[in-house]
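Should a chain be cited, it is by its letter among A, B, C and D, assigned in written order, with residues numbered from 1 in that chain.
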Amino acid sequence: MNIHEYQAKELLRQAGVPVQPGEVAATPSEAEAIAARFGTAVVIKAQVHAGGRGKAGGVKLAKTPAEARAHAERILGMSIKGLVVSHVLVAQAADIASESYVGIIVDRVSKRPVVMASPAGGIDIEEVAATTPNRIRRVAVDPRYGLQPFEAMQLAFFLYHDVRRARAAARILRQLYDAFIASGASLAEINPLVSTPTGELVAVDAKISIDDNELERHPELAALRDETAEAPSETDARKANLTFIKLEGNVGCVVNGAGLAMATMDLVKYYGGEPANFLDIGGSSNPEKVVNALRIITSDAQVRVILFNIFGGITRTDDVANGIVTAIRQHPLRVPIVIRLTGTNEQEAVRILASAGLSAVTDMDEAVRAAVALVGAESVS
Amino acid sequence: MSIFIDRTTRLLVQGITGRDGSFHTRQMLEYGTAVVAGVTPGKGGQAFDAGPAATAPPVPIFNTVADAVEETGANVSVIYVPPVFAADAIMEAAAAGIPLIVCITEGLPVLDMTRVYPFVRDHGARLIGPNCPGLITPGVCKVGIIPGRICAPGPIGLVSRSGTLTYELVDQLTRAGFGQTTCVGIGGDPINGTNFIDCLAAFEADTATTAVVMIGEIGGTDEQDAARYVSLHMSKPVVGFIAGRTAPPGRRMGHAGAIISGATGTAAEKVHAMVEAGIPVGDRPVDVITLLRERVAAVGSAVG
Amino acid sequence: MNIHEYQAKELLRQAGVPVQPGEVAATPSEAEAIAARFGTAVVIKAQVHAGGRGKAGGVKLAKTPAEARAHAERILGMSIKGLVVSHVLVAQAADIASESYVGIIVDRVSKRPVVMASPAGGIDIEEVAATTPNRIRRVAVDPRYGLQPFEAMQLAFFLYHDVRRARAAARILRQLYDAFIASGASLAEINPLVSTPTGELVAVDAKISIDDNELERHPELAALRDETAEAPSETDARKANLTFIKLEGNVGCVVNGAGLAMATMDLVKYYGGEPANFLDIGGSSNPEKVVNALRIITSDAQVRVILFNIFGGITRTDDVANGIVTAIRQHPLRVPIVIRLTGTNEQEAVRILASAGLSAVTDMDEAVRAAVALVGAESVS
Amino acid sequence: MSIFIDRTTRLLVQGITGRDGSFHTRQMLEYGTAVVAGVTPGKGGQAFDAGPAATAPPVPIFNTVADAVEETGANVSVIYVPPVFAADAIMEAAAAGIPLIVCITEGLPVLDMTRVYPFVRDHGARLIGPNCPGLITPGVCKVGIIPGRICAPGPIGLVSRSGTLTYELVDQLTRAGFGQTTCVGIGGDPINGTNFIDCLAAFEADTATTAVVMIGEIGGTDEQDAARYVSLHMSKPVVGFIAGRTAPPGRRMGHAGAIISGATGTAAEKVHAMVEAGIPVGDRPVDVITLLRERVAAVGSAVG
């Protein structure tokens, strides 16, 4: 789960990191009032879960409260990569002597949190990694010990030569690490970490992503979720405990299991179709989940055929069949449906489907070919 | 023969009285697995009833894994506890000296795994999973949730990051007459206890296994590392499948580990590495069977 | 550094441990007021750094505020093992169904914190260990991971069979461990941990010792030191950065280095004398330290001779000689002094001593024999 | 020969610009030790001047141990930093791959040591100390603070938990004509990196050492464990001394580790264990020389 810049900064502030002062505004007049209160130049920053908001015009410097209002007016309501800006952060503009990058991810190769530092701040770190890898230094932290002071100092000396700023940076790295662990993050970064002309360090932009699996443990973080920042169908799916990712095609897929779901999409493509989504109804699916899945899929106007691919194991195929029948009774389908079912309680499932006038196949390949053919036939007709 | 589990397996079920734990304990007992103990804190001293149809005696329940191991000599543990307790359950099993721990639970926080991984290693144990379907040695014993009826004994080893996709392929193998020595699901999380190489090495060493099917997916570099390993260290034929050719970058495709980051972890990259290493990769699941038939036949004739 | 029961309980309360409610009183009327406020039976407990205060009459049950006052009157000012009671804890009396022991020490063999639990609560744990060792269960905690929930549950099930109390005990064990680590303790115990008839657990007595080496890091804990609870000469020595332990003999010893100090005391005893103290002036001693050392030693009226044993390494023997001369000029000695000096700047030291009319030997054995002989000669005379 | 340090020792000083660090660096250089680097964060790039009398070139200073190791190939580190930073300094040295770390600093929190100990072991390094005088291979090199002038080269190994008491005994040995292979002070803390057994085993393996003096004190069971080890595994004669016969129980006698807890850790118990194991123990420091003379002579005649 991504959280907004202002939320990430608040977590860092609580961990002791010196953060650029700022407040959130939902209206231009709030932005103006905040700027007036600061009495300094401010930066108006769109709060959206999308990179490249600067290039999109979502970040503007304002020298006066009136200017702050004007920028906020333009940015609020703006759409950046399909996401509408509902809040801006009004932050005191920082005096910048130099910009660095510090960040932490969980690295699957070392199986450890990896702390990264680069004097090339303000730039996308993946770009730095690709073009000038020697400008990034990494420490894979042994989670049994945590980020040690000496490790933080090694990274800090890579950023700054003078010991005062190096010590400050090392402190910030350890605070960032603490915030990373305490919040169950999968990513935490400060970019840029600004050094002012007087040698102070301040976090000017920050990003934190929380591991979804940690949210049960951290209700206070789960509460930070901004549903306006997500595609509505994905929010809907999440609440129904389904894993759903919207794509651009027209073959709606309902599958149990992530690997089988991907393989199904791949097979749709192989046979010349285009999957409309990734959707995993999970292991122990009940009829209700299937009903929700069908509702979400059919709310996509692009979908021209629905393809079920269910390999019963823990999943009882009769549950799935019941879900399909229930859903169709509630909301008759406007597109054809192809059902592949095999495994646990398969015969019962076939009987349930048949009672509702539906048929099923047992072979995945056959089902996918049939679904793709239906789309082709329809688009020809 | 087989890898990891066999006739000497004495299984402990952590979370035996839970919804998933009790259901699958009955399935494992029915398959003939020696389930010797269960753990549910507070239910120590009770017994788990395998149900009216079961021929096996009731399974004694203990409060702690240490008690269970001491009393029953359990040597494999399978974990069905909720995700926030799963890390502790794995560590408890490792600390109690269980050498093989299979964690079915999905949804473990990845930071928990950063601590679990060295803990398990410090205790000399092997973890399979988490977020995996477990493993099965057809006709002998099953640990986890892989449906027994789709498997058959035979000479093929199978290792997979997936769950139902594994069933799909096992089912196709069985229908095509390729029985299995052992099928292992290593799980779809970014950090897991056992990787492809561990399983490939075990299959290479297992005299009963004549060929291996490996089923990967997008995310990470495990398949690429495995490909390099195969080209350097394996004499037995390996055929593969990779799911996620159509997955968009930057999105988590269900499995926590199934995500393309930047340019790494794509299906194309993995397929390329595998083909380079001499592992033919099927475009469709059904192609795996064809490829396997060619390779096993080819090896057969080379040997014969 | 030991802290009082009420201070230990406050640290545990902050860590989340359910603690018997109580407040501290310095006068009988304060005790009465607290008891009145509680409106229940209370226990009046002497706050001293000494075991066996119960047997000494330092713990009394009071059913009424008046009784609380009376008990406080008797306990305040009481002397327990040489320590005067200046404060009492007035605690709500607990309903006791059973008593357990839980505690943590740092074990030098496993080099780990060891958590101990015993259903034999209320008894001295060393006694339990000696008489019924099977009534104690221990877990050596890997400090890289901390006390894990499963480890706490293993100990908890040793204390309680029902899962509700076991879970509560496990939670308390983990909170105790957290408090132990967070406060840099060398010992933390709850004894007894009481189970009430309704199945609640509550810490009725608690003890925490802080590692002296942690105090620099924990000024808030250093501030808990109660100097009235220490021998004045030892407080004095601590403030002068000397390690001093008062003993019963009459040969005052001033030595650099702990091992040499012990060996010197042993040699005094070997030759028939009795050391008056252990005193280590440390490695890089300066003249001021020597002055302080002499002041502390000579404040003991039992001391009949002063024996210096200095092996110069880091310690410069001329510094020591200067200290001796300065001290004697300020406060002429009322007892004879024997000085053994060897090592760094030895010749300069001898010159300095000679200028003040003092002589020194270089052999330890000879010096100790001389000092013991002086006491003998004096006691004969 | 010698143990732990010799002519190949390339020494790094952590805290080289501090009061103790600079003083002892000059002493070590004067003794002929190859001090190749120093570390003081923020002084990287500067040089440590050994003083007008020194023949050695200035010692380069680095910001981090990793930098120092990379530039100079230092293979031993000695630590003179304040106690609250010492744990980090030890871990930094271990992480940088230094195989022998000697921590002179006194006053490390014992909980720090519970974490430092496994860290050092995880990195395959040896820690001597903390709260120790270091070690010296007379005539070759010294690491720490043992005064060089009281030592002389010879065939006796010495290991001690003490500081000045070590000097006292080394001085008596030297005056009695017993030179030393190496003198090691392992430190007086309850948790330290190297114990008696580690040193005894090294002396047993060192061809130049013909007999060993071990100097213990009250507290813990290291001497008892060492006694058992000597009786089982050592062929060379060992003589001993134990300080603290007059120490009262329950009081910390200066050293954090010198405390009698209950009935364990008393001098009597240690002396008993050592004598039982064939290690004669002197009542007075001077007796150690007599005992050593008897044992070395006896061995000499048995061999001769």
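Keep in mind that, in the parts below, a residue touches a chain if its C-beta (ideal position, glycine included) is under 8 Å from a C-beta of that chain, and two chains touch if they have at least 3 such contacts.
This structure is a prediction, so every number in the text was calculated from the model and none was measured.
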Chain pair with more C-beta contacts, A-D versus A-B: A-B
Centroid distance [mean C-alpha coordinates] between subunit B and subunit A, Å: 29
Intercentroid distance (Cα basis), subunit C paired with subunit A, Å: 55
Length of the line joining the C-alpha centres of subunit B and subunit D, rounded to whole Å: 51
Where subunit D touches two or more other chains at once, by residue number: 115
Sequence positions of subunit C contacting 2 or more other chains: 142, 144-145
Topology of the chain contact graph, where touching chains are joined (line, ring, star, complete, other): other
Listing of all chain pairs that touch each other, if any do: A-B, A-C, A-D, B-C, C-D
Residues of subunit B that touch subunit A when the two form their complex: 20, 23-24, 83-84, 106-111, 113-115, 117-118, 133, 145-147, 150, 160-168, 171, 188, 190-191, 215, 217-221, 241, 243-248, 251, 253-258, 262, 267, 283-286
Touching residues (chain side subunit A, partner subunit D) in the complex: 142, 145, 148-151, 153-154, 157, 162-164, 166-167
Residue ranges of subunit A in contact with subunit B within the complex: 106, 108-109, 111-113, 126, 130, 142-144, 181, 184, 186, 211, 213-214, 216-217, 243, 245, 247, 255-263, 265-270, 275, 278, 280, 283-284, 311-315, 342-344, 364-365
Of subunit D, residues touching subunit A in the complex: 41-44, 63-66, 85, 88-89, 91-92, 95, 115, 119, 122
Subunit A residues touching subunit C - in the complex, by the definition given at the top: 144-145
